[in-house]
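Each structure below is given as structure tokens.
One chain, chain A, appears in both complexes that follow, with chain B as partner in the first and chain C in the second.
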Partner chain A sequence: MDLVQTDVATDRWVLRGLDRLIEALVGRFDEVIGPVVLDGVVRLQPIESADDLPIGIADEQAPATYRLRRDASALRFSYGLGPDSLKSLVHPPRSPVWTMRRRDGSLVVDAAHHPTHERAVIGARACDIDGLRVLERTQTGGDHADPAFRANRNGLFVVAVDCTHPAPTCFCANTGTGPSARDGHDIAMTELETRDGAVYVLRAGSERGRALIDELQLERASSELIRRAAREPGVAARGQPRSLPANAPLIAKLAEHPQWDDVAERCLACGNCTAVCPTCFCTDMEDVVSLDGDGATRVRVWDTCFSMEFSRVGPAPIRGSVTERYRQWLSHKLGTWHDQFGESGCVGCGRCITWCPVGIDLTAEIAALAAPAEAAR
Partner chain B sequence: MQHELSSPTIDWPARIERGEPPSLAVWKFASCDGCQLSLLDCEDELLALADRVSISYFPEATTAMVAGPYDVSLVEGSITSEHDAERIRQIRRDSALLITIGACATAGGIQALRNGRDVDGFTSIVYAHPEYISTLATSTPIADHVPVDLELRGCPIDRGQLLQMLASVLNRHALRLPTTSVCIECKARSTSCVMVAHGTPCLGPITQAGCNALCPSFHRGCYGCFGPMESPNVGALRAQLGTLGLDGDAIFRLLNTFNTGAFATAVEEGST
Partner chain C sequence: MTRSEPAAVPVDPLLEPNVQRVVAVVDEIPDVVTLRVVPVEGRPFGFLPAQVSMVGAFGVGEAAISISSPPTETTFHEYTIRRAGAITSALTRLRPGDQLWVRGPFGVPWDLDLDGRDVVIAAGGIGLAPLRSAVYRVIEQRARYRRVVLVVGARSASLLLYAGAYDAWRDRGIEVVTTVDVADPGWDGRVGFVPAVVEELDLDAGNTSALLCGPDVMMRLTADGLVARGVPAEEVQLTLERNMQCGNGLCGHCQLGGLIVCRDGPVVRYPAVAPEFAVPGR
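Moving on to the complex of A and B:
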């Protein structure tokens, strides 16, 4: 990302309402994606105007529970994260790899085209933008970079919003990934409620973000608004009750801990946690063959380490029990991810806590594992 | 309960190797016909299919009835009478490949609710002349009676899975059907979780994928018609259904509908 180092710290602009910004994005990009209330849940969806965004919505999140309710505010981002991270935009659940046809006795393979669309997302949260960076390392960091990921990421213009109303399931202050966007965005905003309705204090995160701000000819923000905007993240961070212990990476040394059997009693091995996690990236290949046997399509699909078949090597799955599968997930996410990628795989979004149908909370699991981890140090 | 992951090795006879289309028969036992109709429902692909197989026996679709043996038999329905038990043994003898389709054939269907209960009592309530009824005390899957080569789950089966299965048999490539939960399909198609977001009881987390999460996409909980997924933790889901407000009877009814036999087996095996 082409970060503008010089003015990021100081320059702030003000925007009253989001109409002009969203109009500009819609005019400029093939698709604009933002939060939309659908079936009682805030989802990321294509939008056409500011009217599509929620207004005066609050959420209640707890393990295995998500509910929305109305509140009286004029705010458009007064709720925590919904189930969609930015993962689907860069690493979709299904992506075509190639098609094959039999032609004149030989097989012709056509590689799938990499996406060329330019998209903007508005309302991206700090932890999810950090999730994009973590995912980028897994998908493009080695010798075999995924060209589809790269094309999707490069074509994505990110308008971040600082989290002012994190859910109690969030723990970004602890993982150091939020609540305020630091990099990876093109524009970041802080939403403030004023007597004249919602006001946005903007900062640029890239050249193209700055160019858009210039094009909109926005006013500079007053020092009063800048002060208020600067206070918000601290207030949001203080409300977060959950955290991971500092020794969480030692988890990988605790393969024999009885807590793994305990959590396996409760875990459904359903894979919801890996699907909603902004950094879980594992996939499988699916081949669809035509009835005449003359054509085939290979599609890359999301998979999950909670699947028994996912661990099949030769004749049998190597992680036959749920104990082994939950252990694999959490030990990789918090432990061996460090060995592999030099950091934690968890950005503290809390989605796996809310969207686990039985409310398994990784922060509680790691707490139960933590005392012996202290001993293993 | 493990699902067959790849096609059985098929050694077609020489006439098929030479290009003659394999013969296909479609059989019905205790069932509603819905699964067979899924085959007729493959409108766009029916012509391609008609090119690849010769339909020898399919009363739902054609009056032509060619005597066996058959290369491929699709079997719908469960075994509920002595006569059917004999008939399926004959079909097995007549068929090179026997494929069961749908929850009745793979798990005994809704009619397996009779299992372990007073069937004579039921017949006397339902029929004016119970003395004419000759039935077994149980409804059992086809695989309890004869060896089965492949099975397709669901009530009804999924058209896409049926076509993939036929394509894999005809072209002899590996067939892979998902063995994971319905949740995976909800998440892949961006359906919001009805349990977490609406408090709606759902069997999705313990049910095998394959329907593309049809019911949750219409805001309903999953009824489990594809049967248990690869490692169903029935006990843990049961506890959560209780938390959502279902009492023991309601949980029992939810688990004992389309795959009554299969989920009961999963509970017995205590598989987690």
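Moving on to the complex of A and C:
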């Protein structure tokens, strides 16, 4: 995924409508994934043509609130993030590890094979692409890289779209992860509304992205479009109301503070926040036994540090109370992630705020934890 | 754009299960058995004391168990397992001839390069299991160390692990001190918790190193006591037990603050965990 510096800096192409690009992707990849409205929610789903993408959709997001409404635009990306991040593509909720069979008392292992699955995703947002990089570091950065993750990631061709309509729950301007894709994409586009409908200003992020642009024989973008594409996402992100302070890593690691009990009173320990988080990577193992009892498939499944079982050692969990479990989540995400992986686990996508059923907002929790414990009492 | 051929990604041997066969089962104390295992093909892998394997029972799952056999023993491995949940129950039901699987070894071992020092080894309950391979190594290289004291604690005398071996260890130059929470009639060892018994040892603190394994609170109190007496905190090693689902640093279960225990432990030096140990529920 070599970054073609000169291209990124200077070369821009223009595309009117997305038909040709998506046709080309569908022709080249085993699967093309994009945003699709499903039951009133923008989800990441397989698509076959540009018609599958939303058009003229706006969203309302707030703590514990997600709603879509129609607007009159011809735009296809005029809304913020849905609940699915790129995590669901490279680190799916369930993935087989191996199958074992028992024959005459002997165990025979069939290791799962992880062929590279050639997939393209269109409409990936900058914070999610950074989340993918953070997640990748957890799963492939150590001594025992997960082969399934690696195969999924290597096969993924990423078409990013800059955010021109971020949700008020987003805070990528603060975390420095958005609103425009900087790296990790193969192609990035900015969607602009013009008199002729939606146009896309494209830039290449990799050799293979550039190769696809060349194959499509696209026109160079006009300087007017290039200027708009450089400006509009930043303007849109300027209004983001949320942020984390620079000392959030330290605040999140506070062991004692009455705010931990306060948030635990509200938290349902449902784990929605960890499921929608683009970087929460924790998994559990399940052994699924075949009906004849002689085969067992080991499956890696998403887990959550909010479950009681998560920390069980012997007869009892180490983190038995919701106070301890919420503290674990937040101090890991913003604090000890730095100790473990050298960076923050939060990319500012705001999903945990929108999808928390009781509207717990980590930026507000950090602000409350930053107040001296005595004042909070 | 040419489409790349789907290429199979090479697999890390630690991610692949190695099928092994139980050759002997020893009932140690109630609910605790030791399995002696050999690979169905090839020889057992080498390991260092305190290193851990994921040991798996067909159709049930894997548990992280430290290797308790002598590190010089190249023909088999031993795992001492306490029946606690579904997986360890299945493992402790295995009989000679049964097969299981192993992935390992992983983790940071005890640092036993303690030449010329006094060594205090303190074990609470089944905590002696991850220490037994260290005891074997110390016996084998006994001349490297000065005094070696092993304090073993259990709830009662019948729950002292590997009790049949203590005299042999004494013969090889280890002072073995046993202590119980509750004395049965006829008990002539100590009565009291491990930290209190370690507290009473007559030590040359500045020249002492310690290896601890047991419940977190036992290790914390023992470590605090040693440090208060002048044993350098860096010289106190302990081995952590956390929920381990993968052993490969991937599943997130074994975190303790900034540590990923399967990657950064299980053996750590006390200063690395003292702040976390001071807060319950970390």
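Throughout what follows, the second predicted complex is superposed on the first by the 364 of 377 C-alpha atoms of A that agree within 3 Å, B and C clash if a C-alpha of one lies under 4 Å from a C-alpha of the other, contacts with A are read in each partner's own complex, and residues count from 1 in each chain.
As a working rule, a contact is a pair of C-beta atoms (placed from the backbone, for glycine too) under 8 Å apart; a residue touches a chain by one contact, two chains touch by 3 or more.
Values in this document were obtained by computation on a predicted structure and should not be read as measured data.
Look at A:G239: by the touch rule set out above, it reaches neither chain B nor chain C.
Judged by the touch definition given at the top, the superposed model places A:A275 against chain B, while chain C stays out of reach. Within the superposed three-chain model, A:P258 lies out of touch with both chain B and chain C [touch as defined at top].
Of the two partner chains, chain B is the only one that A:L38 touches; chain C does not reach it.
Counting residues of chain A touched by each partner, chain B versus chain C, the larger count belongs to C.
By the touch criterion defined above, A:G293 reaches both chain B and chain C. Residue contacts after overlaying the shared chain place A:G176 against neither chain B nor chain C. In the superposition on chain A, contact of A:R28 is made with chain C only, not with chain B.
By the document's definition of touching, of the two partners only chain B reaches A:R266; chain C does not. Put simply, chain A uses residues 286-287, 289, 293, 321 to touch chain B in one complex and chain C in the other. Contact residues of chain A toward chain B in the complex are 38-41, 43, 64-67, 83-84, 88, 93-94, 264-272, 275-276, 286-293, 301-302, 304, 306-309, 321-322, 354-355, 357-359. Per the touch definition, chain A reaches chain C in the complex via residues 28, 97-98, 100, 102, 105-109, 111, 113-118, 138-139, 142-147, 150-151, 154-155, 208, 211-212, 215, 253, 255-256, 281-287, 289, 293, 296, 300, 303, 305, 310-315, 318-321, 323-324, 327-328, 331-332, 336, 338-340.
Per the touch definition, chain C reaches chain A in the complex via residues 1, 3-4, 6-12, 14-17, 19, 40, 58-62, 82, 84-85, 97-101, 241-243, 245-246, 248-253, 255, 257-260, 263, 275, 278-282.
Interface residues of chain B facing chain A in the complex, by the touch rule stated above, are 5, 45, 48-49, 51-52, 163-164, 166-168, 170-171, 173, 176, 179-181, 183-184, 187-190, 192-193, 195-199, 202, 204-206, 219, 229-231, 233, 235-237, 239-240, 243, 272.
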